[in-house]
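Both complexes below contain subunit A, partnered by subunit B and then by subunit C.
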Partner chain A sequence: MLADALGTAGRAATGRTGALPVLSGVRLVLDGNQLSVTGTDLDLTIQLTVEVGGEADGGVVLPARLASDIVRSLPAGKVELEVSDDNVHVSGGRSQFTVRPLSIDDYPKLAAPTTSATTLPAAEFGEALRQVVRAASTDDARPILTGVLFSAEEDGLRMVATDSYRLAVRDLPGQQALANAQRVLVPGRALGELARLVGGGADLVMRLGDRDASFEVGSTRLTTRLIDGEFPNYRQLIPADHPNLLTVERDALLDAIRRVKILARESTPVRLAMGGETLRISAITQDVGNASEELDAEFRGTDLVVAFNPDYLIAGVEACTGEHVTLATRDGMKPAVLRGQDAADYLYLLMPVRVPGS
Partner chain B sequence: MAGPPTILHADLDAFYASVEQLLDPSLRGLPIAVGGGIVLAASYEAKRFGVASGMPASCARQLCPTLRFVGGHFAEYQRLADLVMAVLDDFTPLVQRISIDEAFLDVTGSVHLFGDGGTIADRIRTRVRAEIGLPISVGVATTKHLAKVASQVAKPDGLVVVEPGTEAEFLAPLPVHLLWGVGPVTEAKLASRGIATIGQLAGSEEGWLRSLLGQAVGTKMSHLASNRDHRSVKPGGRASSVGAQSGFGRTLATAELLRAVLGHLADRVGGRLRVAGRGGRTVTVRVRLAKLGTSSRSITRSRTLDQPVAATRTLADVAETLVLGALADHPDWPEVSLLAISVSNLVAVSGIQLELETTDRASSDPTRPGSATGSARWAVDHSVDAVRAKFGRAAVGYAGVTLSEYGSVPDEFRELAER
Partner chain C sequence: MRLVIARCSVDYVGRLTAHLPEAVRLIMVKADGCVAVHADGGAYKPLNWMNAPNTVTYGDQTWVVTNPKGETITITLHEVLSDSDHHLGEDPGLRKDGVEAHLQELLAASPQAIEDGMVLVRREYPTAIGPIDLLCRDADGRAVAVEVKRRGEIDGVEQLSRYLDRLRLDSSLGEVRGVFVAQQVKPQAKLLAESRGFRVVQVDYDELRGVRPDELRLF
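Presenting the complex of A and B:
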């Protein structure tokens, strides 16, 4: 349990030893039988509370990686932590470790957000996170796009992310987590960590402030700084209508793309040829070889070929729910829209790869 | 350094001139030069008079009044060089062609079939002479660098084998300019410290060389001089960069000149990248600044982009910005005599991932291939490439590039030399 807590909190600790070396550590504070474990890089903070057998209250900061590695390596059973003068002794079974702690006086004071809380069903929210966060950018040169937009819609909460190649939109109807027309931009990285913490069942408590947001699941709290800036007007990016609509079995499509992708090396796209009652997926890598596969499909529209980055396509199909997915297209250069059939609450838009002849 | 010498460097002698003499027997034994206003290549007979490539024709005629200029048979150059490479392929699969007329071979695995390195080199020379009719020099050694030095020593039409254990002895008396990467600037720097031979270079302390020549060059020179070279022969190795350069007489660096020359260079580099299905993230320019009565100086500037590019206009724009920056930093040098563009950090590019117009700064950046501008440039380039593939280079091009007067050297020749 302690190993998990150290590992989870450690994910928020920074790997870089920059201006504040203490941020590469996790802080452990014992209060009675409650041990709180905290990791932070000042943008993202993860704090967990675990039940322990406490002897004397106090706090210490341990190097995150080291502490996690040590506790994880110990045999199952009790772990003892003892702080004395300049050292921390960690023991379990017949193993003994002595570690030099980091200065707890340097550890930043972390404020807990005080805005009013909303409770959301954790399972549904977790699924929404997984559907949307994948479309957020990881390119720090485009900070706005690394965030996920939370906006209040008439009938609930909407989450939107785009890395400029794809765009994911998920609605959570009935969830009034934001004030009217309120919009906040939550870092995708924090939400990716949150998705790992959200299991099934339990409720999730969300607080959205002006500068921070916090999420509580069980005894774990994740706090993140919000991104400042104007999210692109994503509505104008979503085409109003599409002349072509393909409907195909979701799992069969995923398997086929994964197979064909083997021959889509070195950033080669996969081509989707649509027409009649089949979908033909193919890839050619120069000097390596080619692959193709046909699937039964329903298609209405004009026959066409559209090429996509296979990873972006897989990510989109995976995110759609239901037995069948639909792919709406205009031509080889305009955005395509993936949806789960009969799932109106999610869409994944992706830009094609322009290939010779398109 | 154990093992027998099995790395070969095969280099055709005065290649373009030799081909002309092969095609027209009346030119054999005569001093000839390929080119027009400028010497592109000279025969050995002409070289004896001091004629060298890159020399203005007037200058060459003064040195050698009987010099004959001949036009270039470009298609023949490529065809004959390919035939020579096919001969090399008969001796080992490990052939690394490094330009149109030279290649490295690793024959370690072939010695039991054809005999030792020297024997194979001899057979290559005999076959190239008999089957194609061209002279070729071969160097044989334990490393690539030493094999190349040996082939230069072997010229013209010779063979030099450097036996293991004799490397230092072989290198010691040779002039430093035979080392890979030693150009006139490095040579002059070394000469100013009294270093003229490779032996003297090998005897110099590495740290001192680094402080004289810079970290990278100093280390490399020190290693090469003492025959430390661990590079292997990489067959069919794709180029790690694609570049083109253009030298001309001292010229005022006006906006028009830069646009014309860089546009032309970008056109060639971009076209070659696209034909190879590649793009590169790093664009590097080289500018040779010139001034009357002073030696010239070279400046290199580069920019690494987020995404690989192969678009002609984008390459030209990035290069122009870099060159203008370099010139702005040297206001005392208003004239230039050479411009070069090269693209590195190459990756395969078989299409362009289009981008949504998200209205942030990056989405309107025309250097991003997936932006609206980038996509339009891609379409134009592919149309140009398609027409050229059918009707030849001159059939179509960007206005201002095809129409410019600049460039006394035919593009076909540049393409061969830079391939």
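Presenting the complex of A and C:
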């Protein structure tokens, strides 16, 4: 339990401490039998409370990675932490560790969020996060694209992310989490961490402020700074209609792409040849070899070949729900739309890769 | 530089002994005395080599290379296929940031990529503390100092500030403003640049080069 708490909070602690080395640590504060564990890099904060057997109240900051490694390595059972003047003694079973703590006085004071709360169903929200965050950019050179847009729509909440190669849009109908026409940009990194925290059952409490957002799941609270800026006008990117529509079994498609991808090396795309009742997936890497596989499929439209980055394609198919997925295309150069069949609440728009003849 | 392609065998005696059996190889004898024996593959290490200072004794069929430590490489030439000598002259050294220089060159050729209506006055415009990358005039005729970086970091913004302080001493230029151009700009550098009134422009190197990437983008 302590190992999980240290690991979770430690993911918000930073390795790049700059002027504040204490940020490489996790803060442990004992109050009665409640141990609060906090990690922060000032952009993202994760705080958990765990039930422990407390003997004396107090606080300490331990190097995050070291503390997590130590506690994780101990045999299952009780772990004791004892703080003396200059050291923290960690013991479990017959193992003893002594660690020099970081200065708790330097640890930033983190205010609890005060904005009003909205409750969301954790399972549905968690699934939406997993579907959308994957399309957010991780390139800090374009900070706006590292965020996920939360926007209020007429019939609920919409989440949108794009890295300029793909775009994921998920609607959560009936969820009025934002004020009318409100739009906020939440860092994808924070939402990726949140997706790991969200389990199946409990509700999730969201608080959106002007500069920060916080999410509470059980006894864990994640707080993140919001991204300031204008999200691209994504609506104009979604084509109104497509002349070609492929329907194929989702799991069979995923397995086939993964197999063919073995021969899609050095940024080689996979090619999807659509026509008749067959989908042919292939990859050719010069001087290495080639792979191809055929799948049964339903296809309506004009026969065509479209090539995609295999990782982006796999990410899109994985994110779709249902037994079958549909891939709507116009030609080899225009964005394609992936959806789960009969799942109107999610779409994954993906740009093809130019290949000879496309 | 002497380049010999020969069917040869090589024996090294020193810290250990090594033998290269007879095969066709390239033997390089550089102007500084370094000797290297290459096979037809790999770009990094020769099969056998000896750094200068050393002494090469050329026999009819055998070359012996000896260094001050007493290590020797004996090259036995069974058949010489090619033997040529070239004077390479002084090497200018490795230019580590070719991209940055090329970026400056491309922007000098297309200053409108920085801003509509921008025209180039001079590339490498001299100041007392060194040349500013580009001096341009904007659509309103105002002088614009442009600092070009591959990665836009705080140092680059400071550099542009120093150049502007110098340029503003030159009354013939009139009012001068600054533009910080980079392929990627760090958020801290952007904040600092904008707080000093500079415009920050991110440019796409491939687009400037006219390279059409295979990966199409949504926007």
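Please note the rule applied: the second predicted complex is superposed on the first by the 358 of 358 C-alpha atoms of A that agree within 3 Å, B and C clash if a C-alpha of one lies under 4 Å from a C-alpha of the other, contacts with A are read in each partner's own complex, and residues count from 1 in each chain.
One rule holds for everything that comes next: contacts are C-beta pairs under 8 Å (C-beta built on N, C-alpha and C of every residue); 3 or more make two chains touch, one makes a residue touch a chain.
Keep in mind the model is a prediction, meaning the values are calculated, not measured.
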Inset, instruction - Consider subunit A as the common anchor and indicate whether subunit B and subunit C clash or fit when overlaid. - result: clash
Legend entry - Contacts of A:Pro310 with subunit B and subunit C, given as first, second, both or neither: neither
Legend entry - subunit B versus subunit C as contact partner of A:Gly126, first or second or both or neither: neither
Inset, instruction - On the superposed three-chain arrangement, identify whether subunit B or subunit C touches more subunit A residues. - result: B
Inset, instruction - Kindly classify A:Val353 by the partners it touches after superposition: subunit B alone (first), subunit C alone (second), both, or neither? - result: both
Inset, instruction - Give one of first, second, both or neither to describe whether A:Gln286 is in contact with subunit B, with subunit C, with both, or with none. - result: first
Legend entry - Partner chain(s) touched by A:Gly92 [first = subunit B, second = subunit C, both, neither]: neither
Inset, instruction - Check the residue A:Ile144 against both partner chains and state whether it touches subunit B (first), subunit C (second), both, or neither. - result: first
Inset, instruction - In the superposed model, identify the part of subunit C that clashes with subunit B, out of 112-120, 166-174, 184-192 or 202-210. - result: 202-210
Legend entry - Footprint overlap on subunit A, where subunit B in one structure and subunit C in the other make contact: 141, 162, 164-165, 167, 232, 237, 267, 269, 309, 333, 335, 349, 351-355
Inset, instruction - Spell out the part of subunit A that touches subunit B in their complex, as residue ranges. - result: 139, 141-142, 144-145, 162, 164-165, 167, 232-233, 237, 265-269, 285-286, 307, 309, 333, 335, 349, 351-356
Legend entry - subunit C residues touching subunit A - in the complex, by the definition given at the top: 183-187, 202, 212, 214-219
Inset, instruction - Mind listing the subunit A positions that touch subunit C in their complex? - result: 140-141, 143, 162, 164-167, 232, 237, 267, 269, 309, 333, 335, 349, 351-355
Legend entry - subunit A-touching residues of subunit B, taken from the complex the two chains share: 277, 306, 347-363, 370, 375, 378-379, 382
